[in-house]
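Have a look at this one.
We call the chains A, B, C and D, going by the order they appear; numbering starts again at 1 in every chain.
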């Protein structure tokens, strides 16, 4: 649920950011309107350089509408009508376009896609626009926005934006923003003539991890940098300091990557740990159940296009149901006739996986489906400018652990769990004790499948939602379960996470492909040595 | 199509030996058969099904115009099921059994490589619509997609001049097209004075989905002060997670622009494009191009596929060009005989969809404009640069040691890989 | 149903430990040294499945050629004892010797078998899809390595031997039937027949008469008695009447160790035995 | 070469086998005659396309027989048999590559084209010798054989059985696939090996050669069938079945189960390798997707459909399923995966003994009257 909170928080900042454009920053003058009109007309057919000029002009014009225009230009909703060449803001409604005049905001009704022409911008222009908007938002009341602004400015800092920073520094209260601003100023100061200023600047830069800071220091020590020995020395030290700290964070980063890869494996495998580990059913259609989960997410998003933020929260239970029910259907329809014949089960379920794939192809077309990422899941949590944890990975790690714990509780605490374990250990005895084993089988399989579906929701945030989604994971997840030890959830947890981390530490020197191969070979050999995995089931029952 | 079904059913009953008779019966029908060899199932179905529909549409149109040489065109659709040996098998079937006049098909290089010997052996015609690595020119194959010099090099030029990129990441899926393209680019960049420590090359397996480490490496590589750009030859499925990771790790197009050679409108239709805005792609056609041929083509496509949301993309244009060239050549030669068509088609000019004309060159590649587009949030591309004149496709790259001495010319040399040094023509299957 | 049953991968912990040892140990049959009398030595054998001691310091000697009955309540460790002797289970501690020389704890099942210890399971296990004849043929003492069995052909002598055993186990008329089609009793017989084909020095017979008619039971009794002398026979049985009918010496197992030993009467009057069997 | 009497003795009690082999012989002769002698115009002409197609089927049939040996008779469900097939194929492919010589597009006498444009300067060591036919053929059986030996030795020794084994065999072929996709491996990466010119000096594009290859496949299949039949009829075969049905019992009557499993596994792997070697020159390409786990599982279904544990059932299954595949992918592409998927389910649920299962039951009854071997 932390996810929801953070989600709202981020949503807020978004909102704040968008409020920005309506804040009046200067007084309009009579002639500006005319002036603007003139410039806007040049927008449509001017070269990118012309546009750059116009943007600059608009920024300095101080007209409050200017900001709105810049924003819409950046957002790429600024068009002009082909017939009367009038510059308009376009709002896309499913088929047609809604036009509003850019200056006086009056509605101009609808238009066909090909009646209007977008005013193209390129990356250079985007950069400039961001910079402009940033400079205009240094004094914004939300520190997050200010931080973004400062960072934007620092990216390509120049003499004339430094005064802005200095001025802002005096009023700044938030530490993070302060650090950023100081860094920005320092970047300029390392170039100053006053040696003392330079040294302090270098010191400041040494304390931050901003890559830009490092570059400025690099520039100093590089041959043909500065002649002054002390400054060189100071810079070199500062650099060393930065490097050593960076290495630590790089290590942490790799661990995080490993864990997140592991968490994906865990999600993929944990459902299997139930069907395969507890029931002994080889479900080759497991991957396709995940695929169903992913498609459920897609459908949910289709149904609630205006609440993407919450779509995942809806999708999780939905996917659980869809996949779970499918699973129960499979169990009742096929698997129950094959208990005690694992190899046959394997074949039958493989057939089912083909059927499911082709069914999805026929229903949703073979093309991948685009599943949107809610705002609160995109972007990353900046620990500092050297280490940033991407939110989607972060949430998926948390989520996978959540699922794991939930499953554990179900199996250990609920009566269903009790019955499941009873059936797993001695089906006849269980039946004798009045447990409806058939019912338990169905539910257990449903549970495992449902979890697969939930995993699918997570995957939809990481990779393609397409008919082949399942195949990519099935082998890995079997590997994890077998490696961890069949019938042992903890084994699955440890197995998944460790495999993930190992993989990530191998990757740098072996490359992605070789890493995967090595891990596979390792598992194959491992199973030879310990055929029952990391945490084998003990006890006479297991002696079979 | 229909008669083909009957054939197959019959074949199923009568069995292999009777097949001979079938083919006789087929020849009796007075149509010109056109083979369509695109995977309709398996992993490649994602991209290839669209091309099948495109061909059906084009053939449909041609028939409305009264067919060809007074005969109706008949499409013969087969499904090689993304299985490379099956491509060769189906080609053999199309040419020797169904006696098709020409085949339009293939997407991946390997499928083309698998088909090539068969087409040459049976002297058929193949029109190959996808951008590829070059290093090939066959008498029987016409390459209507881009050669590396019609996509990669102009894109790099753009990044150098207009974006001012100084450091380069060449990221690709580990197969022939990226490998070759990156080799060419590496050579080209070095020729332009880029130091090798400013070039980072990275290969990943097909459908690679965990991009965390690689993207963070790119990020580090890009934070060394010099403007950095990524040239992506990453294949199909791997792109979505790649771009998602880029966005999540906060790499915007403004910081490190990515120019892709395998990401078109169709691929984008499967991605949430908001985070991608500003990243680039280099193609010879974009759906967003303003040209009356294009508008007409799109209208036609939407009418045919009965879905206003469906996009058009570069390989579709390639088929459009290829098909029209073939039609023209057949009319010119007044026959569908392979050799006549091969002779007739070189020099044929047809309009492309971007308001220009495409010409078939003696090396069996065509002339194309090169467009650089920026991804917009509506999944379309905004053209930001266009080569002022048409670029002729170059079969053998001048930047590869192996092939810089090799030439392809089917008019004068009558050879697809003529070594100007040894004055020898090698590797011909006839 | 227990997944691990399905995977048939039980008991592998023991395997991985011993297999190395098994490699080092080559044994050709018929060299059993019984100079000191006993042919089987079990000394202080302990086997425990996490905590539960199936065998507890069990010490037991079987003399060459004797017929020994072993009785005891369920869980007394009878079957586990056989597992130890046949190498199916490795003891946690203690020693098991076949004659003076062969350390059973370091030999693998097939080595023990070819060394001359035959075993009949509690639940009759034969090769269901083979004919009765083939079952016996497979069991027959012969070179059982891979390549030889690829070229192996039956000679007349061997055929006679099989025919002979078929007679003994009264299955001559069923020899072309698949074992799966036999009755429970007949399966018991077939398995005994397979034991005979191996012609081992020691026969371990686990509940031979389960599911047998009265006549069959008597026949079994005769057979076992006739076998004794030339071979050592160890019979585990619940049916007291049967035990009484064949027993020379009886050993009572309880909670994994020997509770009492002696002839039937001695054992039955043994106080602790009475205590254990009280009511049963 | 076994003499005629022996052949007949081997096929004793194997009606299915007799039928199949006679059909095979007839088809082989008929097809090649109709292809070579009858003019193309004639209605009776069998096109080279058909010949090659049938040739391919025969290779698959051989592969199916190989799998049936381990699965049907020994109960080892290998989901990695396509790997052995592909390895055999690669060995043959490497030979064919070397035969191209300087007729490659770059005209390099030593290096295959893909090495040239990856700027490789010399042939990697593991390519040496493959210009010799005999060496290549040796490798065709050795490479898969050795892999099977090493893998099996580990697996059977530590008593990995049942589903575990299936899963790690699948992992094995998956790992191999990833490995062969890598261009650094020097096997042409995703494009694999293709554009072959000639085999033993015969032009691969001439009809005669294709017919020759077809006949070769037929012959190999026949011989392999005889050998396989001999093996399963031998005492070794009976032991293997015994291991499948009651592994412990087999141990306790003195058989070293591991060795028997290993033997049959390696033997089967070699057969698969040979099948692959015959397959490659006929389809004209070998690439890593041959390793894909899907192929192995499809192979399993051929055997399942035909009926495992009978050898000729495997043949039947391989031919039928592939014929159906050719038909469907031509006629109604969308349906193929549905059909295949349904096939899996139906067969496992309702035909545990495959198509010949019904037949087989009758045969069992007959077997009762026959005298034991």
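FYI, a contact is a pair of C-beta atoms (placed from the backbone, for glycine too) under 8 Å apart; a residue touches a chain by one contact, two chains touch by 3 or more.
Nothing here was measured: the structure is a model prediction, and the numbers come from that model.
The minimum number of touch steps linking chain A to chain B comes to 1. Look at the CA centroids: the one farthest from the centroid of chain A belongs to C. Separating the centre of chain C from that of chain D, both taken as means of CA atoms, is a distance of 43 Å. Chain geometry summary: the mean Cα position of chain B and that of chain C are 72 Å apart.
Centroids of chain A and chain C (each the mean of its C-alpha atoms) stand 64 Å apart.
The set of chain C residues touching two or more other chains comprises 6-9, 12, 16. Among the residues of chain D, those touching two or more other chains are numbered 157-160, 162-164, 178, 181-182, 334, 337. Residue numbers of chain B whose C-beta contacts span two or more other chains: 41, 174, 203, 205. For chain A in complex with chain D, the touching residues are 282, 334, 337-338, 342-348, 350-355, 357-358, 361-362, 471, 475, 478-479, 482, 513-514, 516-517, 520-521, 523-525, 527-529, 531. Note for the complex: chain D touches chain B at residues 30-31, 34, 38, 41-50, 52-54, 56, 102-107, 113-114, 116-119, 178, 181-183, 189-192, 194-197, 205, 283-285, 287, 289, 323, 327, 329-334, 336-337.
Contact residues on chain A toward chain B in their complex (touch as defined above): 48, 76, 92, 95, 114, 117-118, 120-124, 126-127, 130, 155, 211, 214-215, 218-219, 253-254, 257, 260-261, 264, 358, 361, 365-373, 378-380, 388, 390-393, 461-466, 468, 472, 504, 507-508, 511-513, 516.
Contact residues on chain B toward chain D in their complex (touch as defined above): 4-5, 8-9, 11-12, 16-17, 19-21, 23-24, 40-41, 77-81, 83-86, 88-90, 92-93, 96-97, 108-110, 113-114, 116-118, 121, 135-136, 174-176, 179-180, 183, 203, 205-206, 400-403, 406, 416-417, 419, 422, 424, 426-429.
Those residues of chain C that touch chain D in the complex are listed here as 6-9, 12, 15-16, 19, 86, 88, 108-110, 113-114, 118-119, 121, 125-131, 133-134, 137-139, 144-146, 149-152, 154, 175-178, 194, 197-198.
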